[in-house]
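Got a structure for you, questions after.
Here the chain labels run A, B, C and D in written order, and each chain numbers its own residues starting at 1.
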Amino acid sequence: MPNTNDSLLLMQGICKNFPGVQALLDVDFSLRRGEIHALMGENGAGKSTLIKVLTGVERQNSGKILLDGKEILAKSPLHAQELGISTVFQEINLCPNLSVAENILIGREPKKFGSINWTQLKHQARQILDRLDIDIDVTQSLGMYPVALQQMVAIARALEISSKILILDEPTSSLDARETEKLFDVMRKLKGEGLGIIFITHFLDQVYQISDRMTVLRNGRLVGTYDTAELPRMDLVSKMIGRSLDELEDMTRFKHETGKRIAQEPLLEAHQLGRTGSIQPFDLELHAGEVLGFAGLLGAGRTETANLLFGVDSPDHGTMTFDGQEVKKFSPLNSIHRGMAYCPEDRKADGIVGDLTVRENIVLALQASQGWFKFLSPKKQTEIADKYIKLLNIATPNADQLVKNLSGGNQQKVILARWLATNPQTLILDEPTRGIDVGAKTEIQKLVLELAEEGKACIFISSELEEVLRTSHRVMVLRDREVVAELAGGELEEKKIMQIIAGS
Amino acid sequence: MMEKFKIDRKFWPLLVTIGLFLLLYAYGFFSYRGFSNPQVFFNLFIDNAFLLITSIGMTFVILSGGIDLSIGAVIAFTTVLSAYLSEDWGLHPLVVIPMVLLVGTLLGAVMGSIIQFFKVQPFIVTLAGMFFARGMCFVISTDAITISHPFYRTLSLFRIPLFGKTFIPINVVIFLVVLAAAIYLAHFTRFGRTVYAIGGNEQSALLMGLPVARTKVLVYTLNGFCSALAGVVFSVYMLSGYGLYTNGLELDAIASVVIGGTQLTGGVGYVAGTVFGVLIQGLIQTTIMFQGTLNSWWTKIVVGLLTLLFIMMQSAFASARRTRLAAKSIDKSADRLPVGETELVPDA
Amino acid sequence: MKLSKVLLFIVALTTILSVIGCGAAAPAAPAEAPKEEAKAEAQPASSDKKTYEDLVVGYAQIGAESEWRTANTASIKEEAEKLGVELKFSDAQQKQENQIKAIRSFIAQQVDVIGVSPVVETGWETVFQEAKDAGIPVILVDRRAAVPEDLYATYLGSDFVEEGRRAGEAMDKVLEGKGKIVELVGTVGSAPANDRAKGFREYIADKPDMEIIASQSGDFTRAKGKEVMEAFLKSYGKDINALYAHNDDMAIGAIQAIEEYGLKPGEDIKIVSVDAVRGAFEAMIAGKLNCTVECNPLLGPQFYELALKVVNGEEVAKWVPSEEGVYYPEEAEALLPERKY
Amino acid sequence: MKPTTSLLKDLRHHSLFWPVVALLLIMLFNLLFTPGFFRLEIKDGHLFGSLVDILNRGAPLMLLAIGMTMVIATAGVDLSVGAIIAIAGAAAAVLINPALGRELVTSDKLIEDVTQTPLWLVILIPLIAATVCGLWNGILVSRANIQPMVATLVLMVAGRGIAQLITNGQIITIYYSPYFYIGGGYLFGLPFSLYIVAAVFLFAWYISRKTSVGLFVESVGTNASSSFYSGINEKNVKLLAYIFCGFCAGIAGLLISSNVKSADANNAGLWSELDAILAVVIGGTLMSGGRFSLVGSILGALIIQSMTTTIYAFGVPPEVVLVVKALVVLAVVLLYSELVKVSMDKLFEQKGVQP
């Protein structure tokens, strides 16, 4: 039982069920003043439901919430904010067309004689941003600024003088290391002011870097609340997924084995390939049976490079050869014909086709490569779909389930299945494990190595350096839209790559 | 102080619209006899007062990311209802006018509520509203009804003399009041800013704790009111009520809003731009009339092409801004990386 | 930034120009006024009578909703060319708003005379008053407007009520005084529709054996005429003895419907319509139409004659009827080659 | 009890449930209140009756609905079909007698059944014109990335003007009997227009269900970006949808002008874009794109047409037609809305629980 005296927030015995699902069962949670408290758990563990209950998006079936010792029941996010609970959601929920000042203050804008006082509005917005040490033109449209700044504006909006609790739901998923550090500075500053901060993230590094305590949830139940300093990393992971991580050890071994079978001749070769405004010219070689990792910060040009290789964008510089043939036409379809496959970074926007069934999603690329008139009969489609559902262990009742109803990890597997169905020689996987839980992550990493073992060539792109190192035989490091280094064998060390990324 | 003189890029489409208007006017001015008469300029307002008023209402709807196809029908319905109430029921116009305004406002509120609470697309709901309002006109009267009440006639013939022999009637005064109120509403009230926010990103607006549902219903209600007011202005202008009036006006209004620089996706645009959008259309029509031998249908073709031009321009501005930003951030990419930039600039 | 400078320049330039323009025009206006008055006084003195060559006419046409209308437009345009009249022609696309705008622009252009075929009867008072104030006479063509007599110079056109009456008379003749009639009404609320219905009913009021059993709007168009007639036939079938259509286009549409239904138009169902367009003559020759009451669209010559008279201050009657007849199948063949519309 | 309720539920959740119910209701209404509505006779060797009328009159709308379905499925909309109808009709009429529309109609120019243009050209050129209109829309939407509603608004506004220019502002009467067969002729006792609709429908059905076009269209409509990454040329899919829609509108234009034997640039196909969109929506295809149902759209078109015909046959005053239409549209659309669906489910579940 946590000490209730110094608790700013206390949630006791929270239960929440949705039709057919027990989302939360008897969960306790406490938050102290001046504390950064990480909320940990796999997807579906109940983190977001807990937050929704706290912020009034959903109402608990039982259990009570005490803020400063008084029982509260938030009716809406707005009401929660009035109570002192502010939230910054994962996707930036601001209006890009409004000015920065408005984004910070709309809904509680200063008024004079009943009308908006624009002078005062700008002034107040500047004040709030000053508190976060951010200096930007508040009259500009928000959309003009990069994501990281928008994230800061979102925090600025969430903060009120009277805020007691700040909830940050995956705030770093689209930030690079530098920006994350900036965010952490702000968090530390606010912590110093006595705010309680609830921090949700998938990045374990960050949790250990910033949090004071952490609460782990699994399957809607509380596993426990721990002091960060006292819980080793491996223990945390096993608490989150509920099993040990010997598999990871296996994988490293597996990688070394596959590494011995890499072909001599390059399958794909890029020579001074580049696109103005997108990526500086670079050289690249990819061999059959090899996993090539791309490391670098978000925005370093990893996705842009992948886009060029797959023909999403056309290069305006350099040449590319595939299997000895020079590539002339750049388009996804031409790449598919060459035997390439590409899982794009943004699964929701560029990957799945939500309203179509799992079956249709799986055959999509194959059908596209076969053209308009070589139609796969529904029977054949089901056959293919069933094969991959089984092969990749996709959790779906049947092939005719709409893909949007699947969880993130399973959606990612469907996209992988889509590409495997085309029987590609080369796969480019851009952040294939982003936002999916640890279990599914390991499965996908393993699959990549298995594919390499079968003699396919893979490019593996991820923000998590650890993951890149675990799966890749060779790593290309990018910085500021330029390939800056290529490492292999013994050079593959986390520290070394970090140094290159940092440019020192 | 100096920065005040720098024109914000977001004003460019508006400036182009105004510039085009002035160019067109200058062309007519030097090309046709009688065009230089200032009354020609005032006639633009006099003849389009109702369109101006209803287009202002439409601007709010489009800014919020919606659309309303019912306005022409609501205007016609208002004229018929006004005529019917004052002629057949013998009510005094001072009773009739508030009544018809209320009816139009209610109609808008009902449509807005259906759109919001049943989550039906505005296109379809307002289409049904259009059928309904047109139908009700004919249920009341299939004929045109002359309005003979002296109050209406006085209003209709009332002239505010300006310099020379020029004048403006009461229509234009009402329009000016509506314009002032609309600009105030759009830029100085929470309602107005919420409309922009909803048009920018409805989901965000909701999560920012803004009253999205209420505002959306209010936008259609406001538009219903504007249409009804335009209907009142129109019944004064025509001194009659008729179910076939203002057929297809919704398209003129939408075209005006677009030419006025408002993005149909919502969130970006100005009420003042819409005014120029209407005036440009009126000016094209006037010019073709002064020309005298061109087929009037050229008006439609020119307006169509102009609409296209403005849409093209909007997307050009948007993409120019995007590339500029991208270029900028490469220069100093160490600080700010333009990730996700493209997703966040609303598509034109 | 360059573009914005250019823009600013253009904006500034045009603003200056228009201000100059307004400024220049404003003092000019009062100067013109006495001249106009002088002109008005001078005209009756027959010193400087206008001729066709220096006549400027603004014509606000309804649109192109029927064959009749297009013939009317063609006549107005061709005659202007022939006489050398400067014609400002505006097609209102069936919208009164557009007609009013056109008239306003004619006033601004200071034309000598304005011709207008009002799309509906109501709503003209304000703009006609403006024309009057500007000293420009208005001639109503083909359709009347519900305004005081002093607001227009004259009305040139047919009397729709009279046409209705004549149609009733013709119907009486072909039905021999007895039968059930269906009626295809024109555009709801338009003057010809109202008056043709009125005149027809006036005539058959004292004919107890002639009865209108159904009446629907066919919008003056063929397509609608056909569709509505089909519905009539479905509901009343062979009970229908006759059809009265407010214009030939609807009658021609209805003829198709009757034929498709399997009855013989002109025999099983007698048809009387108004307008006397070419198509109607052809139908009469084929025996499918029993009578058409003429409504003459070729008003060009009469219109310009009147316009000149009015401008020169000559006396004209408030109503100048157009020359019209009633045609039966017997004359059709002989007349067809002469029909121009 | 259980199987029946679940069967009912399956039925209720079938995409065509509500359109079929609506159509049946209209038919039931006619059965009860309109005598002779279902009577079919054979006159002059062809089938005759209100039902045939509905099919015949509804032919252009059905064609439009087929084309519109494809466009809406790609998450677009085509507001210009009415204008394309006018253009196609005008082009056909002017081709049949090029002299018309340029000057006053005089007798010597009107010799029935004589035309300088061969019939196949009279049909082909308007169809090409309509297809080009569709191409224009498609280019604006797919290449210039303009919102479909705005892109097609341009042609909607300008198209009628173009049609007016073709006919020189006149209504052109067509005197050429072979041409009348398209919209007014009968083949094996049924209106020829029905065969055209059937052919277009079968074509659309075949390419959407027996080739991968259907999958591509639904995929693009749901998520254009994902489709592009999967190797589908999403731009061409959209382009083709608009081209096909324009083509369908062109055929509809020919049918209409042939049926009424004239070309009226002003009124031909006026507001038909709204009816077509309505038909598609009633048929269960969402305006947000994705899944589409051609059969549903045909049903939607039939619902709209049988409503109109019923109103005429029942002798309802014409002024009420629009009000009735508005209420029906609203009713159908509300039935589709999530709120109603959810509450219906609840209602039926409760009933199912208590036998």
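The criterion applied here is as follows: contacts are C-beta pairs under 8 Å (C-beta built on N, C-alpha and C of every residue); 3 or more make two chains touch, one makes a residue touch a chain.
As the structure is a prediction and not an experimental result, all values here were calculated from the model.
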item	value
Length of the shortest touching-chain route, chain A through to chain C	2
Greatest separation from chain D - chain, by CA centre	A
Separation of chain B from chain C, taking each centre as the mean of its C-alpha atoms, in whole Å	32
Chain A-chain D separation of Cα centroids, rounded to whole Å	45
Chain C residues counted as touching two or more neighbouring chains	91, 93-94, 188, 217
Touching two or more other chains - residue numbers and ranges from chain A	349
Numbers and ranges of chain B residues touching at least 2 other chains	138, 142, 243, 295, 297
Touching pairs - complete list by chain label	A-B, A-D, B-C, B-D, C-D
Touching residues (chain side chain D, partner chain B) in the complex	77, 140, 144-147, 149-151, 153-162, 164-165, 168-169, 274, 277-278, 281, 287-288, 318-327, 329-330, 333-334, 336-340
Chain A residues within the chain B interface of the complex	76-78, 81, 89, 92-98, 102, 106-107, 109, 114-116, 118, 141-150, 157, 174, 176, 179, 277, 297-299, 349, 480-481
Touching residues on chain C, where the partner in the complex is chain D	63-67, 69-71, 73-75, 78, 91, 93-94, 188, 214, 216-217, 219, 221-223, 226-228, 230-231, 234-235, 237, 252-253, 256, 260-262, 278-279, 336-341
Contacting residues of chain C [partner chain B, same complex]	4, 7-8, 10-11, 14-15, 17-18, 21-22, 24-27, 29-30, 33, 58, 86-98, 100-102, 104-106, 108-110, 120-123, 125-126, 129, 146, 187-189, 194, 217
Sites on chain B touched by chain A in the complex	10, 184, 187-190, 193-194, 196-197, 199-201, 203-205, 207-210, 267-268, 321, 323, 325-327, 329-330, 333-334, 336-341, 343-346
